[in-house]
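When the chains are written out, they are named A, B, C, D, E and F in that same order, and each has its own residue count from 1.
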Amino acid sequence: MAIIQCDIRRGRSDDQKRQLASGLTYAVSEITGEPVDQIFLVIREMPGFNFVDAGEHVAEYVPGPNGVDMAGAQQLRDRGVID
Amino acid sequence: MAIIQCDIRRGRSDDQKRQLASGLTYAVSEITGEPVDQIFLVIREMPGFNFVDAGEHVAEYVPGPNGVDMAGAQQLRDRGVID
Amino acid sequence: MAIIQCDIRRGRSDDQKRQLASGLTYAVSEITGEPVDQIFLVIREMPGFNFVDAGEHVAEYVPGPNGVDMAGAQQLRDRGVID
Amino acid sequence: MAIIQCDIRRGRSDDQKRQLASGLTYAVSEITGEPVDQIFLVIREMPGFNFVDAGEHVAEYVPGPNGVDMAGAQQLRDRGVID
Amino acid sequence: MAIIQCDIRRGRSDDQKRQLASGLTYAVSEITGEPVDQIFLVIREMPGFNFVDAGEHVAEYVPGPNGVDMAGAQQLRDRGVID
Amino acid sequence: MAIIQCDIRRGRSDDQKRQLASGLTYAVSEITGEPVDQIFLVIREMPGFNFVDAGEHVAEYVPGPNGVDMAGAQQLRDRGVID
């Protein structure tokens, strides 16, 4: 038995959440040997402002092509974490 | 930014935990568009006895071939959940 | 001291949440010997879609007689988990 | 589906944890209408020192008659919370 | 690395949440020696009714001068916990 | 009422945990207006290996002067996150 909790910024589509659910469940099952039947997941969604990394509030999720987060990428670029 | 918490029964090898870490991180990143840099995971381990499914304590994890859980599979078989 | 977190599907009435609060608090107190004064609970509510069991999203909670969940029971019936 | 997390001080007997598991599961099921089959619980145990109430560390659990916590009761008495 | 989860009653201003984010991050960093860069926080907000202390639902947060909670203070006064 | 959960790597001294407890409690109280009496904290400790940042396991905590983490700082330096 495994319990997975995933706190993410709000704004993902139902389809993304569907993929997230099956992606996490099957990853945990394959790697740990837990039967799929014994894996339980809750996805919690909150505004980006409620997530804090290194003391800074994260930007809201702005869906771009293929679900890439436009605003978050910009914020990381501004801080020099990614190019 | 995503925070993942994964509560599992104790007994997995470092190698299984290494695969779990990268499996969960890359699954969440690909599906939600979060950069890998923004995904944080904590794995918590407890005795099987501390996990309860439908009012019943789960058996301890007993590693079988390919990490399959021998004891857990037997317990599910006894309850008729799997064959 | 005990901290209880209870993640449930949204849709329960205030009266159900009131019973849940006192049911959980007194159950933990009686069994563990914690004084009631030292038991703290947070109830989190999310859409059924955010709950995933065995890789499948759970149906939304649809209150039936005595608070029984009509939609969830149907879903379990479809999967053969209950009759 | 409901996920319950219960963080308690270490030191309870297996029998207390068994009662806790069934007490919590059946309380949630009866009150919310979730089938027992859809209720998942993890019990986490930590030293009393890791629990903090009003800025003060809680005493370790010292089992007395009927599981009553001797040390904790004394601490609450010292703070004037109970008689 | 540290993961902080803070469940509070809804109703705080963005400015309070901004102070909370930096207050918690810097407190943990100074005390534990974790670099600020390795501290991740999620703030979850729920109605006061979803918080239960000693079996009683907490009043909703009603902002008073300097963010003091008017309703909560009254409730504690009624129970004799504060003057 | 506020519930704070703090997951950290094991290895901090009782004195560091004592400071952490009071630091977090008073920070939350001052900023949110919650009375100290209504703030509950649980500190969970796990091996560094159970913490994963950007897909990489975090080094164990190695206490240096003033509680600074020697191993973690080295790891961040190797990844180019800090100088």
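Assume contacts are C-beta pairs under 8 Å (C-beta built on N, C-alpha and C of every residue); 3 or more make two chains touch, one makes a residue touch a chain.
Bear in mind the structure is a predicted one, so any value in this text is a computation, not a measurement.
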item: Chains contacting each of chain A and chain D, listed by label; value: B, C
item: Steps needed, at fewest, to go from chain D to chain F via touching chains; value: 1
item: Reaching chain F from chain C through chains that touch each other, fewest steps; value: 1
item: Same-site or different-site touching of chain C by its copy chain E, using the half cut; value: different
item: Greatest separation from chain A - chain, by CA centre; value: D
item: Computed distance of Cα centres, chain F from chain A, in Å; value: 22
item: Centre-to-centre distance between chain F and chain E (centres being mean Cα positions), rounded to whole Å; value: 18
item: Residues within chain E bordering two or more other chains; value: 1, 3, 5, 7, 24, 37-38, 40, 42, 44, 51, 53
item: Chain contact topology (line, ring, star, complete or other); value: other
item: Touch relationships between chains, expressed as pairs; value: A-B, A-C, A-D, A-E, B-D, B-E, B-F, C-D, C-E, C-F, D-F, E-F
item: Sites on chain B touched by chain A in the complex; value: 1-9, 12, 16, 19-20, 23-24, 27-28, 30-35, 37-38, 48, 51, 53, 58, 61, 63-64, 66-69, 72-73, 76, 81-82
item: Partner chain D, residues of chain A touching it in the complex; value: 1, 3, 5, 40, 42
item: Residues of chain F defined as touching chain B within the complex; value: 7, 44, 46, 49-57
item: Touching residues on chain A, where the partner in the complex is chain C; value: 14, 17-18, 21-22, 24-26, 36-45
